[in-house]
Each structure stands twice: as C-alpha cells, then as structure tokens.
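Right, one structure below, let's go through it.
Chain IDs A, B, C, D and E follow the sequence of writing; residue 1 opens each chain.
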Amino acid sequence: MFRIIQSRPGQPLRVQDAPDIVGPPEEDTIEWIDLVAPTDEDLSLLGERFRFHPLALEDCAHADQRPKAEEYGEYMFIVVQGFECPPEPAEQLPWHELHAFLGPNYLVTVHDGTIPALEQAWQRVAGDPALMRRGIDFVYYLVCDRMVDDNFPVLDRIADELETIEGEVLETPDKSILARIFALKSQLVSMRKVLSPQRDLFALLARRDDERISQRTALYLRDVYDHLARIVESVEGNRDLLSNALDAYMSAQGQRTNEIMKALAILSAVFMPLTFITGFFGQNFEHLPFGSDPLMYSMIASCLILPGVLLVWMKRRRWF
Amino acid sequence: MFRIIQSRPGQPLRVQDAPDIVGPPEEDTIEWIDLVAPTDEDLSLLGERFRFHPLALEDCAHADQRPKAEEYGEYMFIVVQGFECPPEPAEQLPWHELHAFLGPNYLVTVHDGTIPALEQAWQRVAGDPALMRRGIDFVYYLVCDRMVDDNFPVLDRIADELETIEGEVLETPDKSILARIFALKSQLVSMRKVLSPQRDLFALLARRDDERISQRTALYLRDVYDHLARIVESVEGNRDLLSNALDAYMSAQGQRTNEIMKALAILSAVFMPLTFITGFFGQNFEHLPFGSDPLMYSMIASCLILPGVLLVWMKRRRWF
Amino acid sequence: MFRIIQSRPGQPLRVQDAPDIVGPPEEDTIEWIDLVAPTDEDLSLLGERFRFHPLALEDCAHADQRPKAEEYGEYMFIVVQGFECPPEPAEQLPWHELHAFLGPNYLVTVHDGTIPALEQAWQRVAGDPALMRRGIDFVYYLVCDRMVDDNFPVLDRIADELETIEGEVLETPDKSILARIFALKSQLVSMRKVLSPQRDLFALLARRDDERISQRTALYLRDVYDHLARIVESVEGNRDLLSNALDAYMSAQGQRTNEIMKALAILSAVFMPLTFITGFFGQNFEHLPFGSDPLMYSMIASCLILPGVLLVWMKRRRWF
Amino acid sequence: MFRIIQSRPGQPLRVQDAPDIVGPPEEDTIEWIDLVAPTDEDLSLLGERFRFHPLALEDCAHADQRPKAEEYGEYMFIVVQGFECPPEPAEQLPWHELHAFLGPNYLVTVHDGTIPALEQAWQRVAGDPALMRRGIDFVYYLVCDRMVDDNFPVLDRIADELETIEGEVLETPDKSILARIFALKSQLVSMRKVLSPQRDLFALLARRDDERISQRTALYLRDVYDHLARIVESVEGNRDLLSNALDAYMSAQGQRTNEIMKALAILSAVFMPLTFITGFFGQNFEHLPFGSDPLMYSMIASCLILPGVLLVWMKRRRWF
Amino acid sequence: MFRIIQSRPGQPLRVQDAPDIVGPPEEDTIEWIDLVAPTDEDLSLLGERFRFHPLALEDCAHADQRPKAEEYGEYMFIVVQGFECPPEPAEQLPWHELHAFLGPNYLVTVHDGTIPALEQAWQRVAGDPALMRRGIDFVYYLVCDRMVDDNFPVLDRIADELETIEGEVLETPDKSILARIFALKSQLVSMRKVLSPQRDLFALLARRDDERISQRTALYLRDVYDHLARIVESVEGNRDLLSNALDAYMSAQGQRTNEIMKALAILSAVFMPLTFITGFFGQNFEHLPFGSDPLMYSMIASCLILPGVLLVWMKRRRWF
C-alpha cells in the first residue's frame, strides 16, 4: 500500500494515501513515498518509476537483510533495523526492518508491517511543512533517529531484569533463574548482531562526503551514530554482567551442594558411632564380653565422645 | 570430463559435451568450460590451451584449498567452497570446492564431483543465450550466487536443531544431548573456517577495480558478499548460543547432582536417628538401662522428633 | 546557575557569580563560563549568545552521553567523564559528566552537580591570572587533568580490595567473598566502558592539528592521554586478576567439597565394618553359628582389620 | 661445515663439500652456500666474505629466533621455522630453524642440525642445473616450500589423535585422556606461536616489490603463504575442537559423579528402611511392643513399601 | 646523584662522579649524564641546563609511568621498563624504570635505584671510547639492549616453574599448586602489561625516520624490538599453558571427588546388605520367622550375593 508526501516550492504539502504515482518524479518536487507490505506489483511499479536496481528491489521483498548502505549511482539503498520494547517481557524481541531508497530529492521507504517509529515521523513530517524543506536527507534522519531511540526502552528493561537476577542469583539459585539468564543472553546476542553493523553504517554515513547527505544533516546522523555506539556499549557491558550472573549461579549451586554434603557428614558423624555402641551392647554373648574391663569402658566412652569431637572439628574448619 | 558453452556474436549458443577443445580460444567468442573430476591429462590439456600457471593447475588437482583469488596476469584463479544440506542430519557436512579460471572472455571451472549449484547455473546459462551476453563475469556470479545460497538451508537446519537442544537441555540433560551439542559446534567451526575467508574474498572482488569484472557485475558480487556476511554472522551468533546451551547442560547436571544429594541427605536424616533408637532398645542389658529414667525418655523422644525437625529445616533452606 | 571568569589584556581578572551574560563575547576577552545544574532557560540563553547547535545543547541536558569530541565549526563540543572515590566503599562508583564547549577564546562548561575536580581548577584559575593568559585550551586541560587524576584513588582502592580478596579466597571461600568479587567486577566493567573511549578521545585531541588547541597545550593533553592509558591498562589487568580470584574461589569450593566427602568416607570406612560385626554377634541363633569355626574368627578379624587397612589406603592416596 | 653449489653461465654446476670460499663472490656466478652446525670461525669467515652485519651473524649462532625478514641493504636476512613429524608420537614436536641470507645472486643458509626438507631441496638443485638458472630466489622458494609442507603430516597426526580422543572422551573419561588433551594443546600452542608470524612473513615477501625477489618467484611464494594460511587455520580449528573435547571430558566426569551418587542413593533407599525394620524387631521388649497394634503393622508395611516407592520415584525422575 | 661521561674529539673520555654540570652543553661534546635517585633539586638543575619540559621532569620523579617515547622538539623523552630475575622465587617480580632524555649529542638517564643493566652498560662505555664515538643513540641502544635481555632469565624461570607445575598437577592436585598457578599468572599479567607497549615503542623507534636515531642504530633497535616481540609471544604462550594447568587442576580435583565417591559407594554396597542380614537374624521372634521357609533362605542368599554382584557391576562400568 502506497502513501506519499510531496513538497513543491510555494505550495502546501500534498499528503495522499494510495496515490497514483505513475508519472515520473519532477525536479523541483521533494517527495517521500512509503510502501507498507509491498506486493510484487508494487515493487515493479517502483522499479519502473525510479529505475531501481533489481537486486535492491529483491532485497525489499525479504525482511532478513543485514544493515547496509549500497551505492547505486543516483540513489543509495539503505537497510536499517530496530528492536521494539514488547508490552510484556517475551522470549524473542520484536524487531523491524526498514528498506530505504535515498535519492537527491526523494525518499522511498519499504517495510513489512507498521513501524511505530516511522509512523511518528510520518505524522510529524505531514504536519510540519518546514521539515520537508530542510531536505529529504533530514526526513530520513528523522525516521532513523526514532527507530534507534526505540531501542533504549528495550535496553532499560533488560538492565532491570539483569538487576533483579543479580539480586536473586546468590540467594535462591534455582532453575528458573537459569532460564531467564539464557533468555536475556540470547536477546543480547541478537541485539549485538543487528546493532553493531548498524553503528558502523551510521559512522560511515555521517562521515563520508556524499552529495545526497548535506553537511547539516551529517551532524544529525553523527548523533544517531552516537546513540548507537552507546547502545552497543551497553549491550557489551550487559553481556559481561550476565556472564557474571552465570558464574554466580554456578558457584551458588556448588555452595548449595557443599551445604548438603556437610549436613550429611554431620549426621553421619553423630549417629554412626552411636549406632555402633548400641550394636555393641546388643551382641548375644552371655555376659557382655569384657563387660567389666576398664578398657571396655574407655572404648565406649570414646565412642560417646567422638561425635562431640567431630562436631568441634567441623566447626573449626568452618563447615557450619 | 569436459563440457563447453560457447557464445559467438550473431550465432546461437553452442553447448557440447566432451568437446574437442584443441584450438586456441578465439577473440570474439565467450566460452565457459566445465571440467568434472579432472585427470592429469585433462589439466595439462587446459594448461596448453590457456597457458595456465603450473601452480594453479596443481591446486586444481587437490580439493583442499582455502578460498582465495590469485592474480595471474590475463586470468584470475579463484577457489570458492560451499556446504550442502545433507538429506539427513549427518555428523559431517558435505561440501564442494570449485576452482575457476576467470579470463577476459572465458571461464574455466574445475571440480571433483557434481555440484548441484553449478549444475543449476549450467542449465540456466545453456537455456538462455542472453546470460552469456552479459559477460563471462556475470556467468561466474551466477554460479557463486547459487553456491552461497545453498548454505542457507544448512544454517536453517542447524538453527532448528539448536532450538530443539535449547528446549531439551534444561529438562532432560543426558549424554546424547552433549554429543549433539558437540556435533553442532564442530559443524559451525568448519563453516566459519571456510566461509569467513570467503566473505573477505568477495568483499575484495566486489570492491577492486578489475578489468575482468565489470562495474555492473560488481554490484551483483556485492550482493553475494552480503549473503556471506549474513551467513558468517549467523554462524557466530549460533556459536554463542551453543556455548549457552553447553553452560545450561553443565548447570542442569549440577542441579541434578544437587537433587540426588538432597534425597540422600533426607533419607539419612529420617532413618539414622530411627535406627539408633531401635538399636538402643536392642541392647542386651537385663533390664533396659535407665529404663525408667525420665532423661532416657526425653532422649528417645528427641530422636523421634529429630527427623521431623531436620525435614522442616531442609524445607526452610528450600532443599526440596 | 552561571558563573564566569573573564580575562582582558591589561586588566585584572573578573570573577563573577550569576553574571549578566547577555552581551556578545568580545574579541580580546578570554572567558570561562561555568553552568551548574542547567535549566532549559539557561541553555537557551547560552544557545543565543554563542549560537551553539541545538543537538549539543540537547546533549547538555542529559548526563548520560559517551565521551566524545564533536566538531561544530567555530567551537568543539567535548564530553568527558570521571569517577570519584567514594568516602566509603559502595556498590556503585559515583561519577561525573562534564560537557564543554571549547571555542577560540571561550570555554563553557556545563554539568549537573558539583564536580570536585572542576571546583579545584576554578579556584586555581580564579587565583592566578597567568593561567588564563596561557590560553583557554590550557584552562580546559587543567580541568580534565584533575578529573582524570581523580580516577587514581578509585583504582587504588579497587587494587587494595582485590589484594584482600586474593588473600582470603583460598583460605575462607564463603558467599560474601563471591558478592565482593562480583561488585568489583561490575565496577571495573563500568570504568572500562567510560574510560576506554575517553582515552581514544584524548589521543585524538593531543594529536590532531586543531587551531583551538595550541601546540603547547597538546603536549599537556598527551600527558592526560598517558594517564588514561595507564588507568585503562590497570583496569584490564585487574579484570584479569579478578577472574583469577573467581577461579580460585571455584577451586577452593571444590576442595572444600572434596574434604567433606573424605571425612564422610573415612567415617563410613571405620564404622560400617564395626557395625556389621556387632550386628553379627547380635543374631539370635541359639549358639552363635560357626562360633567355634576358625574361618569365623578370621572373618571377624578381617572386619576389625578392615578399617585400619582402609585408613592406610586413604592415607596413601593422600586423602588426608 | 660448508658446502656449495655454483652455477656459472655456460658451465656445468659445481657442487662441492667443504669448499674453499675465500675469494669474493663473482658477479656472473649464482651460488648457494649451506652451512651446517656453524662454528664461530665459520660465521666470521662468512662475515668477511659477504660483509654480513654482526647482528645477523649473532642471530645465526642461536636457534631461538622468531620468523622474520630483515632488510640489510644488499641482502635480506630471513629466519623461518618448521615442525617435523616425529616417527613416533612424542610430547614435544621436533622443529628446525633455518637462517638464510638472500642476496642478488647468492643464498647462504645456516642451520644447526640436518633439515630433511633442505636436504631434499639440495639434492634436487644439485641434480637439475635448470633450477639454479631460474634465479637464486627460486632456489630459496624450493627450500621454504618443502619446510612448510613438512608441517602437514604433523597436522594430520594431530587431527587423527584428536578424532580418537573425541571418540573416547564421552565413553571412558579417564586421566590418561586428560594428559593427551593437554599434550595436544601444548603442541598446537607452539605451532601457532611459530607459524602464525611466519604466515605474515610470507604474505609480506610475496607482496612487496623487492629487487631480490622476481615477479615470477613471488607467485610461488604466494603459494607458500597460502599453505601456511591453511595450516594456521587448521591449528585454530583444532584448538577449538580440543577445547570442545575438554568440555566433553568435564561433563562426562560430572555425569560419572552423578551416576555414582545415584547408585549410592538407591542403595540407601533400599536398605535404610529395611535395616530400620529389622532393628525394630530386634528390640528387647518382652513382648514386642504394640505387637498387635494395627498401627504398628501399617508402619512396618510402610517401611517395606518405602523402598519400592522410592525406586519408582527415582525412575520417574530418570535417575536410572 | 649525578655522574657523567664526556667524549670530546681528540681527547680521552672524561668520566666523573658528582660532576659540576652547570655550564651549558657544548656542541662538539657527546655526553651521557646518569642521575640516580633524583632529588627535586637535581631535576630543576637538569631542567635549567637542558631546558627540559616540566611535564617530562615531573614524570622523572614518579616511577610508575608506562613505556612511551614523547617528542619534545630537540630531545625525545623515553620511558622503558624491565624485569629482573630475583635471586629467589618471589611473589612479585622486581622491576626497574628508566627515564631517558635523548638529544642530538647528549643522553640523560634518570632512575630510582641501581639498575644492573645500566651499570653494565656504563662500565662498558666508560672503558671503551669507541662506543661513544658511534653516537649517543648507540649508547642508548646499549642500555636498552641489556635491560631487555635481562627479561629472558625471568621468563626461563617462569617456564621452569610452569613445567614443574604441569608435571605435578595431574598427580597431586593440592591447594599449594593452585597458589603457585595464580602467582605465576599474576607475574605474566604484569609482564605483558609492561612489555607489550614497550614492544610497540621499539617498533616505532626502529622504523621512524628520526634525526636523533641514525640508520645504523635503527638496525640495532630493530633487534631490541625483535627480542621484545619474542618475549611477549612467550608470555602469551605461557599464559595459554597456565590456563591449561588450571583446567588440569580442576579436572584432577573432579577426578579425586569421583574416586572418593566411588570408595564410599563400594563400602556401602558391601556393608549395607550384610548389616541388613545380621539385623534380620537379630530379630526377637521366638522362632526365627520363616526360618525354615526356602523362600527365606533364597532371600538371605540374595543379600549375601548382592555385594558381589554390585562389585562386578561397578567393575564393569570401570568405577575402579
């Protein structure tokens, strides 16, 4: 489904849903075309009007690209991705992929479902004619800026969850914590996989001398780069802290085994000698053998004392 | 065994099996020669006709090269490799190695067994004369593109297997899972070993100004690079997740040991005091010693109460 | 809240709190404006007077940037951060963020709370007119130098704590040490996250030919870089030693489990055979069966000897 | 001990053992001088004739350099190393170090003991006058090629051993496997230490425009580089697989501990209740207390049933 | 305390302790001034005579710099460090820091205590006038060369210790080995921290075109670089082997736990059934119940046979 915003000098903005875009783009018009859930037909229409390269159009049809900016003569084909904070904690982070063709005076964005960040940017641009006049590259910046900033709430939730885990892991190391640690780790792995090349991408866009990106917009893209760099560093730091949490879990588990072993050893230290003594006096010799032998008594005494001695020894070694 | 596709301006394609390739290549002919399971004789024939360097020919005879592109004046010698998704999960991934000589108007491909990707490209080129006319470099792209894309089903299967393992590992950690984890890891190691230098290779081919690779084909090779980059990143991400799974296995095992220890400790806590009491009353003193002593009774009582107390204590510490 | 130090040739320093800074900066004046806890109004006042870029002013309002130096034509916008040694050991290290606009003859510093390092530099500059005359870049160096050097006491405390932990971990591995190890590690993670990009930042500032930074001051900035490099290397080294400490903890815990197991095994080796013998003679056969059989006696003897033999065997294997 | 091969235009090769090399090298002569087990005298003789730098000569006397190529004006001083496959598996891999002075028309090789690879190259060059005529750099290539290829059998043996270990480690994890794993790892560490800088060295030699290395020979050196790159990648891959094997060992050991614990727990679950019952009926009350109480019987019955219940419960948790 | 060596053309060397260095350096004089344990006064004297930068002089007063070479116009300020092999193995490696000002015709070295390497170089230079005449940069090389080579005995001792540990760790894994492993690791961490930037420093010094370092001396500095590179690689290799040793310790410990568990399980397998039987016959039924029942006998027999069966089963699973 197409929609379009057109800005012509001296005229009000033209915002249209499902427009007729058959005619070729005019020179003094700045336009932003947004295409949601593209059909093959839509794409071939685009291809005809702007003469986009078949490879780029093919990429538009599959939402599993990696962040990249490809040079195609007049226009650049840029793929960026962003995560969205799900309303409820979920196993897998929902994410969006935005394909964009950035030309000298047009921006074509193609994406599969509704992207909240793009929606906000669209409303803002449709409502404020001044934004289009700052150049189509600035409009593209607005979209990317929102998409990148939508990653921050995701990170915040991960940091909160991480803090909760850190607090619990030494106290009550059970299996569910392990599952939560691995879920977080897998989220961080996918964030790094997507956002780390995207950071490099914006470093490049902000730095390179490109006639499609004005010096003024480059400053803003540098800001986007900066946010991405901060996000990636946070992701890395969280990965570090998460492997800390895993180590903590492992040691807490070892600690737990230790404690159980100690309880078992203490029990044995107390009852094994006692059972031996009762067994001794349960023997069926007519007269208790050596019954009056002082050696005997000292032996029995030692068995009675032994549990106490063992407990003191264990106490000394700080077993409990 | 040789086969050849020749394209001459104004003439239909000539597709021949086992052709006579003695004559020198003509200038206005574009040709693709494919050589399967090369004998020494075949290679020396090639060497004579195209004056290929002995080192490159020697490489063709051994299918254990690393991905590389070597410059030899008129032609380039390129080695690429690809994995194939086996019909059934197997320990070792089957893989293919393709040696290619890319000249200004000829492409010579040499390989050991049948490569499905090459076979498809061959059929396509033999059936559509327009493809040859786009340049021999484009034909080479067609082959590589197929070979690289054949890696995706392999990755998909690995990802599926990984997901199954992640689901099972915390529930039922047994030895067979361990074996599956290590089998996956070893597959990922070999994929990275092959595909990571191959990615760098295509980055180079797509970027460098080479008279044998037209600007137009370079765009397509960049696409191949892009797919390879995505594959390598997936391989890296899967390695991360796999070491997660291994950690999970280890902790689940520790958990299991913990549980068994706990069961043992509980058993001992219940039966050791009870056995002591029965032993006590089994002693052969004529009258049960201290039998009427209230201290005695309190001691017996304490032994009866002890198991209960211990169980409560264990419950408190969340042992079960 | 604004305050200002102004140096005009041939005039004494003018140091003012809450000054009226409405007028445009004059050419022959060198001035340092410090703005604590900026309100939106303050920032827009700054923006008007110096024509600062909205993006930079927006950054000033949020104290969670990463260290960076951004070029904005006439002035540079620099963000640096530093840790402060808390009076008492704390979970989280307190840290400061300093935003600075460095122009040809002015320095504007913006920060949230009082920064001790900046306060010291302010007093020093306000008391010694010669410092301003060395150039505004030198004044900025003075602030950064102090901020960076304030990290050393933090590192010293971490090193002390680490040494204590290393001493204790093999002797008394308990849970509290684990918590201290993870607290230290998380501090080192955040120090590295902040200081490592800051190091690169000063390397850049000291090296690049910039008209705002004199050759003479660059030498001093190189010194700041040097201190940061030393700090980052210490942080890295400490991380290494900390993971050593964690390994040590894990092995000490394993050792402990070993010892408890040994005690249990020894107890069982002693009392299980003895209990068997007493049980044997507790059987209710009328005449002790085989009572006079020599085989019998040798069996009993062997049970009496067994504990001794087992203890010797354990001793040999160095179990205790 | 010196030996020499001299090639003069229009004359047969002169191959001499222990030659008189006092005279200065002549311009139209290509010569390869090999010096085994050099004495100080030999080295100073070399130094006089070719004016080699004292530092290079000093390096020749010590066989513990790192792979390097040092530029000394007319000649280059190159150190390469290679491993040899020992006839029987050994703790330490035997290795060779070859020092070479590569001049415009001479090659001087210095080494401690006999190097099989060099010996083969020597025989080949002495037997085929055409080889010398391809240039002294080609002769040097011949030596290096052999030395590098001699590493492959070493790798093959390591790979075989690794495969054996992988097969055994999950089945029978005992101490000897551990020792074998560590022996392999230490071999891989030393291979990487030597061969990784050597790979970089040949990359450099093959690439750089050097008047001592002809364009033609550079192609061959690129081949040597390629082999080294393959070797280093194999070494890295094997290190990965080896740490897999170590992880497998660890988990197999944990598994083993688990199994033993389980056996112990099952034993206890069966016999502890039974022993309690027999103890109960062994008590010396005149009439078995509560002997006719139905509660009594149910209690005894529960003790008899308990082992069965416990075994079923363990079975359910998949303990066996 | 100052001392000086001065070389003037046509005059013998002047070697003085505690000289009067007030006069400015003369042009045709080459001099090496060594300053041990510098007081503030000494440093200001130096500063006056050579106009050294205050930052460099401040660095001289603190022996905790990192290796670096700083450009200050006429002279270079270089900091290098080296470890010394202590006469007896110690926790902490003693190390030296040498600050040097390298000018066109003077070398000023400043250090805290006596450095054996510098002492040797001093004696050599004072005894051989030819050395000074090779240039002051060569004199500086002599000092550095010695300092770097003094690291080799340290490495040798570490390698010896490592080998002893490797031999012992699988045999007798006790706590003292753990302490030794961690001491070694901490030494390697500090060696790498110091020597790795120092290696980069000498790579730079040897390569860069600097008028203070002659082409001839650069060759020698390259040799120093080479030694440092070898040292750093050894340090890295040893770290690898050390973490091997730690893994070995951990597994040996697990093995040990396993063995103890096995002993315990075997003991229980033997004595638990036996104790049950004796307990059975110790029951106070008037006539042994079922005493003549064949089922009874078979049950007793099974209890007698059970230990044997269990032992065979354990044997089969290779528990001992």
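Criterion: a contact is a pair of C-beta atoms (placed from the backbone, for glycine too) under 8 Å apart; a residue touches a chain by one contact, two chains touch by 3 or more.
Everything quoted here is computed from the prediction, not taken from an experiment.
Here the chain-to-chain distance from chain B to chain C, counted in touching steps, is 2. Hopping across touching chains, the smallest step count from chain B to chain D is 1. Considering every other chain in turn, the ones in contact with both chain A and chain E prove to be C. With centres set at the average Cα position, the gap from chain C to chain D is 39 Å. One inter-chain figure worth recording: chain C and chain E are separated by 24 Å, centre to centre, where each centre is the mean of the chain's CA atoms.
In chain D, the residues that touch at least two other chains are 250, 254, 257, 261, 264, 268, 272, 275, 279, 282-284.
All chains form one closed ring of contacts, and listing them from chain D in the direction of chain E gives D, E, C, A, B. Taken in their complex, chain D has these residues touching chain E: 53, 55, 64-66, 68, 70, 72, 172, 174-175, 178-179, 182, 185-186, 189-190, 193, 197, 246, 249-250, 253-254, 256-257, 259-261, 263-264, 267-268, 271-272, 274-275, 278-279, 281-284, 288. For chain A in complex with chain C, the touching residues are 166, 170, 219-220, 222-223, 226, 229-230, 233, 236-237, 240-241, 244, 247-248, 250-252, 254-255, 257-258, 261-262, 264-265, 268-269, 272-273, 275-276, 279-280, 282-285, 310, 314, 317-319.
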